[in-house]
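So that you can tell them apart, the chains are marked A, B and C in the order they are listed, and the count of residues begins at 1 in each.
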Amino acid sequence: MESPDAIAISRERPGLPVETAEAGKNPAELVMQKDCGPGPEDEPVIGLEVHCQLDTTTKLFCPCSTDYRNDGPNTHTCPICLGLPGSLPGVNRKAIEFALRVAKALNCEVLEESVFSRKNYFYPDLDKAFQISQYDKPLAAGGYLTIDGDNGEKRIRITRVHIEEDPGRLVHKGGTDRARYSLVDYNRAGIPLIEIVTEPDLRSPKEARKFLNKLRATLEYLSVFDSEKEGSLRVDANISVQPKGWFDTHHKSFKGRNRVEVKNISSYKGVEKALTFEITRQKNMIRKSQPIEQATRHFVETRGITTAGRSKEEEQDYRYFPEPDLCPLRVRPWVQHIELPELPDARKARFVEQYGCSQNHAKTLTGELKLATFYEAVASASDPVLAATWIADTLLGELNYRDMSISKVDHSHMADLVTLVAGKKITDKNAIEVLRVLLDEIAENKPVEMPRAIATRLDLGVTAGGLVSEAIAGVIRENPQAVGDYRAGKSGAFMFLVGQVMKKTRGKADPGELNRELKSALEKEGSQE
Amino acid sequence: MTMISQKDVEHIAELSDIGIVREELDEFTVQANKILDYFDILDLVEGGSGYVQERFNVLRDDIPVPSLSREDALKNAGATEDGFFKAPRVM
Amino acid sequence: MAGHFSFEPEDTINAFITVCKDPEYGPGPLSGNAVAVKDNISTAGIQTTAGSCILKGYYPPFDAHVVSLLKKAGAAIVGKTNMDEFGMGTSTENSAFGPTLNPHDRKRVPGGSSGGSAAAIAAGMVRMALGSDTGGSIRCPAAFCGIVGLKPTYGRVSRYGLIAYANSLEQIGPMGKTVGEVSDLMGIISAYDPRDATTIDKPYDHVPSAGVQGLRVGVPEEFFGSGVDPGVAAKVWEAIEVLEGMGAEIITCNMPSMKFALAAYYVTCMSEASSNLARFDGVRYGPPVDTKMQWHEAYQERRRESFGKEVRRRIMLGTFALSSGYYGRYYAKAQSARQQVKNDFMRLFNDVDVLAGPTMPTIAFRLGEKADPLSMYLSDILTVPANLAGVPAISVPCGTVQDMPVGLQIMGKPFADEVVVDAAYTYEQGVKA
């Protein structure tokens, strides 16, 4: 691992090194080298560059409010984020604090001195024609994040963490492919971004997704990131397909298997899709013995494909130089004063220990901060283990189906439902029914009732014990044929009788209790003969 | 001695997205070479760690200040539509 | 005392781009005083062009910090003065609005880039003006027009609102008929501004006092090199001897880093400018760009049409100096050279209090005389060191050669603007007597 104070002095962005000698060779020559062919154990080699919006009150370099999503275009701008001549940037202290929290949580070394640099390029959404970012002296470097890899626990190394400003937003008139002109909204210009770059340690789209989920959860737990804000996380991926084990040994691409950068991925699902598509595309080329040149491609979310972008020859020269309007940062001493909150892994362990839920449930429940908080509120007001099952297995599924956020659900309602189930006041089947009614009420903006009120209203509660016995007695009386069959050992008879009791009680009998009572009633009956 | 050709000047113009007319190319190239020739003196500067910065951590509190009204923001724009700035499309 | 100032100058020398005929003024230390503002300093609601076509019709929605301070002090802002486009020039011939003429000889340049401000003062249209100095742009026109101009210590005056040319080198500064007026104006504009991260909270609150008894005045040999006109050199030596007669100690010395200074200056300012000027794409301000074209085409056309040749030249050279493969050789080396210049100054300031020499190597040259860019750049040789090192520097008139004014330049330690002003004031009062 390089010393953190000697980061990337080269003009290339950090990433997979490339066999540049090969890039100039005639493709025909490369085809003739048989080692270019596909191998049975080729593996993807993936590195990610993740951009997350930091949840500060004001922008990174100006005091405009960051709360722009519900407001019209160009209502959160000022001379600074509009790039008016004469304006000057001023660094938001909170953004630095947030970024340091992230660096610490990712086990990074904070550099002694860190510098803002100008990244120069021309694009309508870039109001100054440069982005203030960090280049050769980022905030932090050399950390890691542990994930459940495809083959067990795995450390994904973090190359660097730095801060930069978000550009504005372009809306293309007439569709992206044949836009007549563009419309620009600078509300987003200047929003603080943290960029987290990994080493190419990921070996499958699934691992990439897991990494992103873990990263997202960690950032939420640090209270620096709101994942529900649209567009708050964007990913660029670097991917190549190497012979198995080659990259770990040689730390560079195999001949003709250069890395491709895939840009413009803006959803978690999109990452897995984009990578899967790209791997397939590259494998197809390898199969046909076509060399893969280093290139940039764009992910088109709506079609699930990557398309060609700039080739290596057209690679941008950003002409980085230190931002002359800003002073360097020396914030390494701040790190010792940062107290990290309980992070996902620790919380998971605590859930297992404190609430007795299973490892799997604990993992699911701690996967999102809001979910973890929700669970703890419900667990402290009802049966924790049941709460874990009902939330992780049932509620999440229902929420997913409705595309609804957990923040819409009142934890006291959930606690009420779990209590009913725990007290056997309602069958599992009917509890699900109640839950669905509750969620529908939320979705339709109707007044939301307590689960026990819904159960009562819809008559879904468990019948009082006496009513069950009455129903059983009735069914036995009314179905002598089936009772006889049961005594004769016919297998379906018992279930038939159970069904009849359920019908009579309109599904409100607790199945376990019903089974026991029916059996004992049948035995009693039998013994009376 | 850095000698740049007309082709180099064209490339630099492309890189800076600056637009240079054919008629100017010759003159620009001659003058650029003269100037770069003068800059060669910098080759005699020994190593060094650049210009030493004397101040650090100049930071601002995370307190919002009212933004410009949309009207003021768009006031100097050449073309606007529905509150957006209008810009040429990028190919 | 508030009111309206009536301003209708006969501007036959093209000192102003925009004239404010009846500006308001309020109470305060500058109440009722007319102050002209260089056209690269943002004035809310008043056209601000930086001397360029690419900002024709641009009305900033905000005041530069120094402009708010002028208004708070009750000054009447009477107009925006002519300048070399974006500050790039030493003669005000690079203005998109035509050159300004030197009031002392209309066939000669007033100097640049703050030529309009200097000429307006020299012609008696105003007594005070703001300029900006990146490589001598206040001091050069002050010398050529026979007025006083101060480039403050870097970081002493807020650049918020100054249309950037070279951020790490430039300062807004006061220009005036006398050292006293320059000092007054400096006091008003140097109030701290947290919006400019490169400023330091050290306000200038000073009344100039005469007296150089025991003042150690260093005179580097390099300031009187072969490029300096002998008539100018002689006049400046006379001025230095006046100071000596009043009790100053004159010490000759050397500044070897001078040989790198001009190259370091131009590489730095061109590089920073190439980045600063990229924002003028016609989308948010400036003459509108054709939205039916494709982005890069439209952008290139706008820049080709609306930037003058000198601006385009500097943008290209600056881009080159920052580009991959050349950054180390040009921009990075220039910064190291800068540090050497600064080290040289600080070494000298161990033994002297101020440095003195000519502001410019010649008197004002004729319009059109310096057509070759490099020969124009070479005139900055004596002024750029102060920008590279960030030290305060003043130009005060010290006589004439061929009836054209000559300037004496005095430089001091960082944040010793008061010492520099006092030395200039002493000289001014000394020759008056």
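Methods note: contacts are C-beta pairs under 8 Å (C-beta built on N, C-alpha and C of every residue); 3 or more make two chains touch, one makes a residue touch a chain.
Treat the numbers as computed from the prediction; the structure is a model and nothing was measured.
> From the Cα centroids, identify the chain that ends up most central relative to all protein Cα atoms.
B
> Please work out which of B-C and A-B is bridged by more C-beta pairs in contact, and write that pair.
Between the two chain pairs, B-C has more contacting C-beta pairs.
> Can you work out the whole-Å distance between the CA centroids of chain A and chain C?
Result: the chain centres lie 55 Å from each other.
> What's the distance between the Cα centroids of chain B and chain C, rounded to whole Å?
From the centre of chain B to the centre of chain C is 21 Å.
> Centre to centre, by mean C-alpha position, how many angstrom separate chain A and chain B?
So the centroids are 39 Å from each other.
> Hey, what residues on chain B touch two or more of the other chains?
15, 17, 55, 58, 60, 68, 73, 85-90
> Any chance you could list the residues of chain C touching two or more other chains?
58, 61, 168, 194, 197-198, 274, 278, 281, 283-285, 291-292, 295-296, 299, 319, 323
> Touching two or more other chains, which residues of chain A qualify?
Counting only residues that touch two or more other chains, chain A contributes 79, 82, 90-91, 122-124, 180-182, 184, 317, 326-327.
> In the complex formed with chain C, which residues of chain B make contact?
Residue list for chain B touching chain C: 4, 9, 12-13, 15-21, 24, 28, 31-32, 34-36, 38-39, 41-52, 55, 58, 60, 68, 72-73, 75-79, 85-91.
> Which part of chain C faces chain A closely enough to touch in the complex?
That would be residues 41-42, 48, 50, 55, 58, 60-62, 64, 159-164, 166-168, 194-198, 271-272, 274-275, 278-281, 283-285, 291-292, 295-296, 299, 319, 322-325, 327, 331 of chain C.
> For the complex, which residues does chain A have touching chain C?
Interface residues on the chain A side: 11, 79, 82-91, 118, 120, 122-124, 127-130, 180-182, 184, 317, 319-321, 324-327.
> Going by the contact rule at the top, pick out the chain B residues touching chain A in the complex.
So the residues of chain B touching chain A come out as 15, 17, 53, 55-65, 67-70, 73-74, 81-90.
> Name, in rising order, each residue of chain A that touches chain B in their complex.
It is residues 56-58, 63-65, 72-79, 82, 90-96, 113, 122-124, 170-173, 179-186, 317, 326-331 of chain A that touch chain B.
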